[in-house]
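Structures for review follow.
In the two complexes that follow, subunit A is the common piece, with subunit B as its partner first and subunit C second.
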Partner chain A sequence: MKTNQKKAWLFLAPTIIFVTLFSIYPILRAFGMSFQSGSLIDLTWTGFNNYKYIFSDPDFWLALKNTLLYAVISVPVGLAISIMLAWIIFDKVKHQSLFETTFFMPYVTSTIAIGIVFRYIFNGDYGMLNFLLRNLHMPAPDWIDDPAMSLTTIIIFGIWSSLAFNIVILMGALRNIDPNYYTIADMYGASGKDKFWRITMPQLVPTIAFLLTMNIIGAFKIYTSVYALFNGQAGVGNSGTTAVFYIYNKFQTVGTPGVAMAATVVLFLIILFATFLQRKMMKKIGEN
Partner chain B sequence: MDNNKFVEVKNLRKVYDNGHEAIKNVSFAVKKGDLVCLLGPSGCGKTTILNILAGLLNPTSGEILFDGKSVVDVEPKDRHIGYVFQNYALYPHMTVLQNVMFPLVVGKNKKPKADAERIAQKYMELTQITELADQKPENLSGGQQQRVAIARALVQEPKILLMDEPLSNLDARLRLKIREEIRALVKSVGITTLFVTHDQEEALSIGDKIILFNDGVIQQDDLGQNFYLEPNNYFVANFVGNPVIDNFKVTKIENKLKANDFTIDIADLDQSRFKRTLADGDYLLSVRPENIFPALDGLLQATVDDVELIGRERVLKFTNDETQARSLVNLEMPIKHGDQVKLKMRLDRVFLFTPDGERVY
Partner chain C sequence: MKRFRIGTIFSYLILFIFAFITVFPFIYMILGGLMNFQETTSIPPTLIPHHFEWGNYAKVFAKAPFARYFFNTVLTASITTVVSLFNSLLGAFAMVNLRFKGKGIIQIVMLSLLMVPGEAIIFTNYNTIAHMGLLNTYVGLVLPFLTSIFYMYYLQSYFGSISETIYKAAMIDGASDWDYIWKILVPMSKSGLFTVGLLSFISGWNSFLWPLLVTNEDTMRLLNNGLTAFASDAGSETQLQLAAATLTVVPILILYFIFRKQIIKGVVRNDLKG
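The block that comes next holds the complex of A and B.
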């Protein structure tokens, strides 16, 4: 028994070393740095000053507000659309694999590249989206250059990019549902609605819980899509700034790593809390 | 209404898209309230027939009548059938009660929850699963899941119950118990039942009647004992019976049947059992192992290769003309491995088949 345990450590060693070096240590280091000020090579203890600073910084609150709004809107909407699309592909479409591959493409394409394409689509003057909206006699806002529209644009972009991964995972889950469940339901005269709500959705609960966790964590860490959409900025006048954008800015541009780390710790706690809450909720739903 | 033809299948044919002809011109009828077994080896088309009856598959041609009315163009949900799948297909996220209630709370004819619960309770009592009402299927044994599946199949009060190998997921002992339960249950409900199985013993014990299939064709549609005593053809004789029947190659020359090392005088056979006069040529002589036994005046000499004990009887295995054959003898008979024996046949119980399987005696 004891020799077994020793050997186990040997097998675990590579993972433990890497995780310690690249995950645990940075977390602890970030936590420590959040109580220090000065440049990276000359850090001094400063207590809670960094936290005091970020909580009195309106930019930080805007970043948090944007991030929260983004997470709260884009995740549920994105997931709902994903479920709908996955169900349609699964239930109604003939060449499933073709569509599945098509839907998965955005996931393997670089966010920066997609962002550049979307800059064209969203362009206020010659963008495809506004061309369509004008033809439909609908208001055509300036998606990129109007500060009031920044967050909306980011959310739309976020929803679109989340579809790929979600749909592929959901398709896998749908395929795992015993087809006899539907055959039997058909035989009892169940309608499409009955089948969706009484069989498909309950069977998808574990998958949805997993995706919700992944999506929420991803949403709180949003950065690249903002960077790509607004050409390296956080929207006009920082109107589309997000938590990670704020952290990056404080760290790299302003050169105050302590402040950046304080914001990181706050974001970490928010994600932890949100994930915890979400898991509790899904467990309740799963039980019913 | 003709109760003898409550379910009637006429000239049914099914060709799959890949060109495989699963069912070739099948016709049969089922009496109201009967429990009929569709028996056959795997791939014989028995499940295909069940699925066509259920409406899950469309026949290529032919007619299906339930209670005198054609159902070929009727949707599965309007055929008034209950279906029990091989793996039961219980909904894992629902409790037993919710599973049984399911057919009553979906679709156009959904019932108010209280009514549905009352009906579900009634069938759960019948199948003795009332105390499991709040359990999830994953916590049930195979036999209990089976009962839930049957209760669910019965709540819509179908006219016909279709069961696709419902016992194959259970262990041997439970299978014996459950098959008796199923028979008692469907008889008490009085529902006409079609039961698919590949297990002859199961079919013989449970069915009022058995329809034996092979290669998409009905081989025999008969009462259980007739498969044993009066098989229609070579396939039936070899499929039904355990231990399996012994087959010897014989040639008819004048009024004798000659095998490699024994000869039978045709005059010794029961003349009333001949289906037609025998032409000269090759035949297969088949005899059930209990009808060939050691005797001093036996007509064929053999060495016992092996002795197998099966309960209160023994199977003597011997080789004749390069084929393994068996003789079923009493447990007490003092014969052991390697003994030389003389074997005698009950000639009024043997069968004769032409090389293509047609029975002539």
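The block that comes next holds the complex of A and C.
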């Protein structure tokens, strides 16, 4: 037991050193910096001024609004589509792994590269999407260059990207459901609808809770896909700005790290709160 | 019976539409990278290029140092993968097989750190790296990622499934912990380690925000940063942008198609912690 002590810390040493330096310290530092003003090399105490600043900054509110809207729309829609597709694959398809492999592709490929392709497909003039929409006699908006459309475009891309992880995890969960449930249900002549709502969905609740958490956290951190869609901008006239865009801008471009860190702390608290709230909700649903 | 059939057909229709939507951007990217400029911006859009313009790739390599980007990306992704795997392996071994005071606290701290979004600490990490004078260096690019709580946690669940009696037997036979790790633990969890390695390499390959922060010299850029810079510089030359995007995506897609089973299994296993 005694000898184990020293050894254990030795084995853990690299992890503990790196984690302290690059995970724990930066959290504390971010928190501290949110109460400081000035440039990175000359920081002075400023109390709650940074927080006052961001809460009276319309850009921050726009970033927050966009981020929230993105999360609130893309996460449930993406998850609903994923559940539908996973269920179809699980219930009807013989070559499940073929579809799994297909749907999972976006998860491993670079968001930046695919974002560039989407920018091109979404192009208002020569894009494939508008070509299709015009042929179907539907409105063909300017997805990229119209500020009013920025968020919609971001959401569509977000949903497209989110299916991969969701479907694969859901397929794993579906396979874990005891097949006897379905056999018994069939014996009693249950319809497909009944089987889905009475057996599948209740069994999926923990997985859906997990996916909701992961998706919401991911949605609040959205940055790269916006960057790729709008070629480094946050949409025309910053119309598609997000929380991380705001933080990056304040930190790197404007050079006010204190303000950026105040926004980071707020974003972090929102993520924590959303996760907490959502866990509570899922628990309630699970109990019923 | 008839209703059932219509339902099935409808389901298949939905499935194929979404599968098409998923795959289409990849196909379009590859085809678009082989078109000439007129074809990429024609109305109605061209789908199959009249003549495959392989020369686009030569132009991409001539216009931007993509060879260098490849080298940088492979190097940093490999170093991050190997070192973080090594560190996680040692850490996970200690957490599973050794008994020591403070283990519970370490576990709690690690688990709560898993909740912290990377974006919340990336900017202060930039600060640290800048202070160390490591901007625009390989060390700066990899340093914060040389350990991964996530992978350590993942390996813990793997090692936990290996019976403890094996460890005890090895100790009785006079093996050291080091022997046990390399001669028993590693060979027994090869598939787990391999999957973690693959996932780590892929995420290293696709990293974007961190290298964007800590590099501003063209020679130090990683693929994705080089790609965005190229997309702005090449401006209107859509076919070259698509060719460059193809260059970034195809190596990982090949890796993915070869190891798809391990990768998907590995990702699904992740969720067990949920």
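A few notes on this one:
Going forward, the second predicted complex is superposed on the first by the 270 of 288 C-alpha atoms of A that agree within 3 Å, B and C clash if a C-alpha of one lies under 4 Å from a C-alpha of the other, contacts with A are read in each partner's own complex, and residues count from 1 in each chain.
In this section, a residue touches a chain if its C-beta (ideal position, glycine included) is under 8 Å from a C-beta of that chain, and two chains touch if they have at least 3 such contacts.
What you see is a predicted model, and the numbers here were worked out from it, not measured in a lab.
Partners subunit B and subunit C, once the complexes are superposed on subunit A, both fit on it without clashing. Among subunit B and subunit C, the chain that touches a larger number of residues in subunit A is C. Of the two partner chains placed around the shared chain by superposition, subunit C is the only one that A:Leu267 touches, whereas subunit B remains out of contact.
Once the two complexes are laid over each other on the shared chain, residue contacts for A:Leu151 go to neither subunit B nor subunit C. For the three-chain arrangement built by superposition, the Cα-centre angle with subunit A at its corner and subunit B and subunit C at its ends equals 80°, in steps of 10.
Applying the stated contact rule after C-alpha superposition, one finds that A:Ala234 touches neither subunit B nor subunit C.
Of the two partner chains, subunit C is the only one that A:Thr15 touches; subunit B does not reach it. In the superposed model, A:Ile112 lies in contact with subunit C only, and not with subunit B.
Shared-chain residue A:Tyr181: touches subunit B; no touch with subunit C.
Once both complexes are placed on a shared chain A, the shortest Cα to Cα gap between subunit B and subunit C comes to 11 Å. Contacts of subunit A with subunit B, set against its contacts with subunit C after fitting on chain A, share not one residue. The part of subunit B that touches subunit A in the complex is made up of residues 54-56, 76-78, 81, 83, 85, 87, 89, 91-94, 102-103, 106-109, 156.
Across the complex, subunit A meets subunit C through its residues 1, 4-5, 7-9, 11-12, 14-16, 18-19, 21-27, 29-30, 33, 40, 81, 84-85, 88-89, 91-93, 97, 99-114, 116-118, 120-121, 125-128, 131, 160, 163-165, 168-169, 171-173, 192, 206-207, 209-210, 213, 217, 220-221, 223-224, 227-228, 231-232, 244, 247-248, 251-252, 257, 260-261, 264, 267-268, 271-272, 275.
Looking at the complex, you find that subunit A touches subunit B at residues 178, 180-181, 183-191, 194, 198-199, 202-203, 205.
Within the complex formed with subunit A, the subunit C residues making contact are 4, 7-8, 11-12, 14-15, 18-19, 21-23, 25-26, 28-29, 32, 40-45, 86-88, 90-91, 93-95, 98-101, 103, 106, 109-110, 113, 115-121, 123-128, 130, 143-144, 146-147, 149, 152, 177, 202, 205-206, 208-209, 213, 223-224, 227-228, 231-232, 238, 241-242, 245-246, 248-249, 252-253, 255-257, 260-261, 263-264, 267-268, 271, 274.
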